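Got some structures for you, see below.
Two complexes are shown next, each including chain A; its partner changes from chain B in the first to chain C in the second.
Up next is the complex of A and B:
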């Protein structure tokens, strides 16, 4: 007897929408069991995870701050993935953007440079991120090199480049040799939206990016091309759409957004360039993109939801002394259920009996 | 059914808030940890100190920690979360939390902060660190005595002053025994990465080193040295179980006494912002038992430890000659002053290597 996955002839639209909710439901059930095994009160734990962070302004701000880079990067990645271009190197584009933008901040430090500094940093960061993403895109189009590998490998190059700069030429001269630049000047810092809070202009930019992506995909021919090239490459070819051009375009957009997210993070919450500015945003954003079903609004929700699990996990650590590892298990379980539920939209389980006689003989 | 569930939920929530009230008169002390606690290493030692604190003052305080907090944009939020949860004294236990701690400290002037190994302070933010270079000096003496090849292997983490001063102290000590001692240095560029640390140890042994010392956290180098029949020093924690025939000693981080002292000050209302840079005399760190060495070497190490503790021996005693052959300015009378050690950015003569970034 064999258990096989069989492709469903048709898929239900309702199920496609409900599936993430089923996944979240299953995750909650699993977590309740896990909390009970750990000897923690499941209701209180779930409250700390999901409800408490949503009940005060401070935590809401923090969720927005955490979600900002994730959403921006994931939007760019979703365009790539829709067009069947597999950019895995957003982390590197994020870092290169941060480096390029920081260059202006470092060079103007202590001068009386005016309000142009921050806009210039943002533009340069986006441009650098785009150029950096074009390397794997062009290698793919011209030489057929796997963009998955090349974009991923360029992450390490970016990481080491940043490392070199903050340990060498850009190191804070008053920083006791520690690997960091000096704190950016106020003109090179992303303004805060609420005095004394941490919510910054970047969150607004992220919302604009979501809106722009929704318009691009929903209302423009380019957006239509992107979706067709990904969903039906042959049809797209007959339609005269240039798949290579779209790979270049989506990689450039995605790199630009990652680079922008990078400089916003550095010039915003961090305030200076240092190693470890990203706790893996570029990779987590891949999860966000798929959790949001490659849909701009979905990505916004997914980004906020993932941020909620981070903040909630931290509050659970404080309030309930629940270990951090449980938060990670939680995120892993969530992703597992999302993927599992997704598979069951497209496939169904079927028992098959390839060697019925032998099988019955042994039983 | 649904109603009773709701009632149950409400009851549980209320129960939670009641227990919170009874805990409210205790002083809440928070900790931010860099790594997972695990069973050895930097974070583990901080948690041991926290446990010592609870044992000593558990009836008056309640401790909370956040582990695995990266030294990036998340740190500020994590620290602030502890503040918002009511912690009045917060220990941030890694260098990279310096700026985030300062930011939160400025925002909450009524909360006190203790930042490990940094140099920025505020009226409500102290710093504390240990003079590990004293321990490194003792290790240098032992290493020079025990090395047959005359080549020491040193796994560096990052070329920051704390690590550089450790290398210099080691080699200055070793030179008093063997003037032409050599040291091979590999920068792992990490505090904790067993794979990289093991590779570094292998490379050092392949280059002829027979005593391995490390400024990284994992026992990987100890295990490699043990496999290859060489000797090694542990780091942060007791690592003898990873090399019963290998470990000579280990610099143990012992933050407990300091944490207890600071919490007592907070309880008494006498907490003040300060900079503590304690050495062997103030028990900021300790040396693991001297093992796998002849009695004569053990005595040498113990004598040096006694002399350093008593303030009679200074690892950076002048004259100190830099790599360029020029004597280093002696700002502290007959030894380098604290500023020179805290900002150490040069190798002493006899190190046949180039300091990264120089």
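Up next is the complex of A and C:
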């Protein structure tokens, strides 16, 4: 018996819609098995993961807060992946954005700098993220160096650079030697949407980014070029589209969005610059991009869902002592199932029985 | 003299996991499959290897655990990328994300524990020769094995019929298929070999390099191994040079930190990663005439029966 793939005459639209749902279903089944192996009650664990965070206002806000960087980064990554450019260093671009924006916050600390501080931080963070993403893009276009490896290497470099700054020149003199900057001034902080809550302006920015991406991909020629270059490179060449230029463009956009997400996280929920500001947003966003089918609206939903797993994971850890790493395992398995189900869009799975075919032939 | 010997020993120790992992990936890529999950397979190999050694007290069993763990991870990749014809880049990323989580889960109970690390060879007389004695006759088993592995892979790829068929699959899967070779089965074996090597390379870290397990202890070595394969132009001989060069960069930056040069330690720690980027750029540029990569590398193959 053998598993055989058969190419469909055209991609299946139905499966394209339901495949993320099948993937989530399969992941939940796998998680039930994993919980049982860990000796935890699977039903209680699933409740802690997926239901409990939806039942109180604080957790709901927290989901939106966590989804904000995920959605912003994933939107940028989806543009890259559509154009067949593999930016996997969003984590580094996120950190560099956070560093660049924090520079203004640190330098204006305690001065009477006005309302220009936060906008300047956002702009500088986006610019720095874009420039940082341009390094692998230019290495790819000019020299043909694999953008996968170079963008990933720059994650480690960014991480070390941030570490150096908060342990060295930017360390809070009154911070008891902890590796962190001082708390940002109010003018350098992303304003909250609800007084005393968690939801902040960044979530609105993320929604605007989703809308802008939907317009770019659905309504503009550039968006059309991005999709064609990725889906049909030969057709794109005949169409006179410049693939290299699109690699540069998509990398710059995704770097800018990751950088923006970085400063919003630092100047918002965190409030100061310190190591470990990201629980791997840049990598989880890769899952968000694929789960969302590289579609802006899909990414918004997928981002909220993965944010739910972060919050649910924390609650399951507190309530049931389930290790936090289970969340990462969950996310990895989910990506596998998403990719496997996507294969169903292009192929039909068939079990073939080679021996029996021979036997029936002799009759 | 003693310092030079110590540095050479440290370079060999730092290079060995890179060499083992990169040799496995080289075979995988030569068959036409790009498995970006080396980091994930390595980190799971590290966790399982340490668990095996801690439970049984045997470094050898630990290494076996690492190999088995890496192979099982690679089978997930093979099922997805070869069985279901999923994009190899995305599958490899998924494997790394899964591996990081799994290793944390497996290794959580072992953080802070210690084991007796792998013993070093000791031949009376030979090992005591100054300068070269310990370098040649005083290493742990992994170092000797890694050399044997590269030589074995070179011999297999260039001196055996099976190696020729494997390279044919990597260069043109349609022709190999037309000639009647089971492309997907050959690729599956190549992927498994890569997984076994990555698992062993990961296990080397807690079994010989440091005698304890820390989450995330591979620290990007899997990715550097991938870059080394590019550096080597997919040739085992150049892989050895590349691996030892990178080991040397890693050790030199550690020593430079100790010498108290006025450069912050984080900048020195970033050197191996920056060196990887620079090497990739220089090599890719030098090769602008034509790529030496296996022609079918990373492409999906679905046999038409």
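Simple rule for what comes next: the second predicted complex is superposed on the first by the 298 of 363 C-alpha atoms of A that agree within 3 Å, B and C clash if a C-alpha of one lies under 4 Å from a C-alpha of the other, contacts with A are read in each partner's own complex, and residues count from 1 in each chain.
As a convention for this text, contacts are C-beta pairs under 8 Å (C-beta built on N, C-alpha and C of every residue); 3 or more make two chains touch, one makes a residue touch a chain.
All values reported here derive from a predicted model rather than from experimental measurement.
Contact with both chain B and chain C is seen for A:163 once the two complexes are overlaid on the shared chain. When the two structures are aligned on the shared chain, A:183 is found in touch with chain B, with no touch to chain C.
Legend: residue contacts after superposition of the two complexes on their common chain; A:325 is shown touching both chain B and chain C. Ranked by how many residues of chain A each touches, chain B and chain C are led by C. Of the two partner chains, neither chain B nor chain C is touched by A:25. When the shared chain is aligned, chain C comes close enough to touch A:5, but chain B does not. In the superposition on chain A, no contact is made by A:218 with either chain B or chain C. In the superposition on chain A, no contact is made by A:239 with either chain B or chain C. The contact surfaces that chain B and chain C form on chain A in the two complexes overlap at residues 163, 167-168, 323-325. Residue ranges on chain A touching chain B, taken from their complex, read 41, 43-44, 47, 58, 62, 65-66, 163, 167-168, 171, 176-179, 183, 196, 198, 265, 269-272, 274, 276-279, 310-311, 314-315, 317-319, 321, 323-325. Across the complex, chain B meets chain A through its residues 8-9, 12-13, 16, 36, 64-68, 70-74, 76-78, 80-82, 84-85, 95-96, 99, 103, 107, 119, 158-161, 164, 189, 342-343, 345, 356-357. For chain A in complex with chain C, the touching residues are 3-5, 7, 86, 88, 135, 139, 142-146, 148-150, 152-154, 156-157, 160-161, 163-164, 167-168, 283, 286-287, 290, 323-333, 335-336, 339-340, 342-343, 346-347, 349.
In the complex of the two chains, the chain C residues touching chain A come out as 36, 76, 80, 83-87, 89-91, 93-95, 97-102, 104-105, 108, 219-220, 223, 226-227, 230, 264, 266-267, 269-270, 273-274, 276-277, 280-285, 287-288, 291, 302, 305.
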